[in-house]
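Okay, handing you the structure first.
Labels run A, B, C and D following the written order; every chain starts at residue 1.
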Amino acid sequence: MSETPPPDFVLGQNNYGKSEVRLFKVKRDTAFHEVWDLNVRVVLEGDFDAAHYHGDNSKLLATDTMRNTVYALAKDRLTGSIERFGLALVDHFLEVGPTVTACRVEITQYRWRRIEVDGQPHAHSFVRERGERRANVWGDETGARGVEAGIDDVYVLKTTDSGWEGFQRDRFTTLPDTDDRVLATIVTAKWEYNVIDADFDRLWDGVMERTLETFTDHYSPSVQNTLYRMGKAVLEEFLEIQRIWYSFPNVHHIVYDLGRFDIENENEILHATHDPYGQIEGWVERRP
Amino acid sequence: MSETPPPDFVLGQNNYGKSEVRLFKVKRDTAFHEVWDLNVRVVLEGDFDAAHYHGDNSKLLATDTMRNTVYALAKDRLTGSIERFGLALVDHFLEVGPTVTACRVEITQYRWRRIEVDGQPHAHSFVRERGERRANVWGDETGARGVEAGIDDVYVLKTTDSGWEGFQRDRFTTLPDTDDRVLATIVTAKWEYNVIDADFDRLWDGVMERTLETFTDHYSPSVQNTLYRMGKAVLEEFLEIQRIWYSFPNVHHIVYDLGRFDIENENEILHATHDPYGQIEGWVERRP
Amino acid sequence: MSETPPPDFVLGQNNYGKSEVRLFKVKRDTAFHEVWDLNVRVVLEGDFDAAHYHGDNSKLLATDTMRNTVYALAKDRLTGSIERFGLALVDHFLEVGPTVTACRVEITQYRWRRIEVDGQPHAHSFVRERGERRANVWGDETGARGVEAGIDDVYVLKTTDSGWEGFQRDRFTTLPDTDDRVLATIVTAKWEYNVIDADFDRLWDGVMERTLETFTDHYSPSVQNTLYRMGKAVLEEFLEIQRIWYSFPNVHHIVYDLGRFDIENENEILHATHDPYGQIEGWVERRP
Amino acid sequence: MSETPPPDFVLGQNNYGKSEVRLFKVKRDTAFHEVWDLNVRVVLEGDFDAAHYHGDNSKLLATDTMRNTVYALAKDRLTGSIERFGLALVDHFLEVGPTVTACRVEITQYRWRRIEVDGQPHAHSFVRERGERRANVWGDETGARGVEAGIDDVYVLKTTDSGWEGFQRDRFTTLPDTDDRVLATIVTAKWEYNVIDADFDRLWDGVMERTLETFTDHYSPSVQNTLYRMGKAVLEEFLEIQRIWYSFPNVHHIVYDLGRFDIENENEILHATHDPYGQIEGWVERRP
């Protein structure tokens, strides 16, 4: 890269790219418009030593160019799932960057539902839904590619059929056992595909559906057990998924002490606290 | 209030209370649970001179007591609309505070939809929806009461049937006319009832429906015109509503210049910017 | 405005404008650069009936033009305090808008401190400080002008010399008295000037200093009493200020119950809760 | 762990713990109080199979117990740096959790500066500063320990002595070269110590100082080059640091086009955009 010998302090793993590229696309070839509302991040890895050591930018693509590229390629390549668009971007950046060895594209898709008028979905008017769809596509110069998908910000709650009992107690334990509590969490999930082409839209909807249904279908003795059941349900149904990870903040709903005022409170009046929360995370995987 | 003469610098309008009381209630008398998920703010006005001037707290209700009270009264008084619960709280605080002359209770209700399993709504499992319901109830010691309701955080977008033309031009105007643009906004609305008892749940749903349908049903020459049409539609249908206010940020979606790359772009590839936004606000009222 | 008779539902108070105009200016006529980092909002009121009722935009200035104007006027008119820049913008918009009757300009200034190198402030390198400066300037077509200034997001805390005792108790009161607690709040203040020209920079610094010093200089029996003392200190020193308003969330720091583990805790180990907070607000004014 | 054979879908890497434990400690043995304001996260790894597969909680420590423990241990063990407190927590949780094999404690310290009164720092009154201190301490049952420290949310800006030239150009490049631009970024840094005991407070201050001074002391041809220079400056001075990572969003300040209005603008009037930003990240390490 450079004739001068490398310095005593060397560059380790590094990357750069463009974040928060807010791409909006409308498919308007019929009166029934479709929309993609995306937040794209592009990350490049490669041999960027000259820039770091010597201020030589000649092998760096400007991040402004990356932004232009995302919009330009959207015209022809964003026609279906965000996973496929991510793969197209990865291919492009591996090709143009002379010293780029790997590329990652992270996409968040905001979800819009058609407004219903007289029970009919409208042709070009939409309302934003909660819950985000994620894709994380990766590739390198050897031709390797990986596709990961995800869910974020889906807030679920059940008012019964959940408990927390029989846990380990030590000197600092004060929490009593309960076999009936409110369970609430904000679902973050990500999963790895063992293929790089599939009906990604159908699969994403399927994981969302399996996750929500599993949340409802059993007595939950712990967030851990529910996490495992969800992962198992997903892997059983979708062979294209190799493993899945969930992260669950335990949004505590604490029974408010109304006994002090001689008012009965059988799990009816609760305080939804912002305060410290349990956090449970893990992968569920196909047995190797 | 106090024997010492008032100082040279006097207390003006003032109030105090408790914010962010996160009340969660489950109605569990049948297997089909119902939930209320509320964020309550209590604000008291009155003669609090002694506390401010002399540090005499004897006529102040602790804000901690206000919190306890919200939870305690929820047991029997939160059985229907948040507007009615707000009125019950207002009545209570006007009664207990010896020097309280007016009380305002602001409630945000987070909305939960039942999870569907095999097409059926589940008995006790829910997922949070976007869009907040608001109530703002007010009363004073003379017995006067007022009820205001609101909508917040409903994000809508239309991909066509909207323009911005023929506006005033001056030295600093650079924006071209357009008769086809993407229109996006996040609806905040509030409206005043001319009654203090009504079917507030039905009315709230009705305002939401009128607002969304009006958004879809016309070519919008400006946010201003759409705002007026929405208010008119609401007032025409619901006689209980005296006036309604909307606040609309204009979330700009800017056509990305792909001509630089010889790529055609007919309103198809856009940039959803976080940058400066227009903001349009106004009341629509019954003619006096 | 229009030949057609007004409709049954009339436009009430309304306004429109541009928000989040992020203006950054560098004064670079010497090597010792100065910066202004502003967030500007422009709000116009006037006769906008034709736009609302009939979709006639011919008397509306585009909000995009307002943005251009803020940047263009910054060149010559932003040379000192944000209050003066606000007044210049108000004058401009009252003049150009044919149907504009009143204008409000709200400015937030983010504060940058010079980086110190070897104990010397650097000529052109800065680090952002916490705490925002606000100005809110208003004018109308009769020539009336008003200037309000403000402080936001200044987080203060004292570890002793604060209590909460002798307050009113009722059925729902459980909080014990204390004469030693941690007091923490995030200062929001605004004040009205009784002049429209003054050394606004010096005055702003003075209000900040009076507010912080008063926070330290007494035993606080309540947030209310401290609020009044601060307002009094400001009005005593600065004759240009007519009245001042503070809003204080009471960020509760709760002594953690370590007695359960046989550990003493004399106000030493506390929990800084995000949960419901008291909120105390009021004006302190010159006696009329 | 369990007699039943493992299922087809197995648990992969997993962990659980408590987040957002908001610990506040006051050292009040002299009139000159000291404070620690911390946000603590505890994360445990280990053999939690029984809980996930069978709903058997008997080997799980409740996250509520973790919270109690953080407060209880703060009494005697939080007397100096957050790194040492983190190590004490790691030791504790590795000991009490029967099936815990590794523990990570992440601490954010919010920084408070004494309020100055008449030029003197006050004994017990403080104001919050921008910029967070981080520690990330890790250990496992073999006795291995690791200490990482960090900086977050330090927003810096220079108004000149920065450019971006001579970069690679392709079909989608439109950005012109510049040798004078405003450079702004929000510093996130983390670094690994090659020791587990040191004067962590002094070292943290030193890294902050080296980082800020390096920001000022050269013409920056790219964020990459400035990143490398900062890392080198830190490693040269502090032998206890093995490697350091920076993440720099490039907060773009774009020269506003005033030529359209015949107004000159030599890098003086800029738009601080929220829109897509470059992001540059990398490690600088001692040569192996």
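Keep this in mind: contacts are C-beta pairs under 8 Å (C-beta built on N, C-alpha and C of every residue); 3 or more make two chains touch, one makes a residue touch a chain.
Keep in mind that this is a model prediction, so the values were computed, not measured.
In summary, the pair chain A and chain B forms a contact in which both copies contribute largely the same residue numbers, shared numbers making up over half of all those used. Among the other chains, B has the CA centre that is most remote from the centre of chain D. One simple way to say how far apart two chains are is to compare their mean CA positions; for chain B and chain C this gives 22 Å. Mean C-alpha position of chain A lies 30 Å from that of chain B.
Rounded to whole angstrom units, the spacing between the C-alpha centres of chain A and chain C is 37. Those residues of chain D in touch with two or more other chains are numbered 20, 22, 68, 72, 172, 174, 260-261, 271, 273-275. Here chain D touches chain A in the complex through residues 6-22, 41, 43, 48, 51-65, 67-69, 72, 96-98, 164-170, 172-175, 221-225, 227-228, 231-232, 235-236, 243, 245, 249-250, 275-287, going by the rule given at the top. Against chain C, the residues of chain D that register as touching in their complex are 20, 22-28, 33, 35, 37, 68, 71-72, 74-75, 112, 115, 117, 122, 124-130, 154-161, 182, 212-213, 215-217, 253, 256, 258, 260-261, 263-274.
Per the touch definition, chain B reaches chain D in the complex via residues 171-172, 174, 260-261, 271, 273-275.
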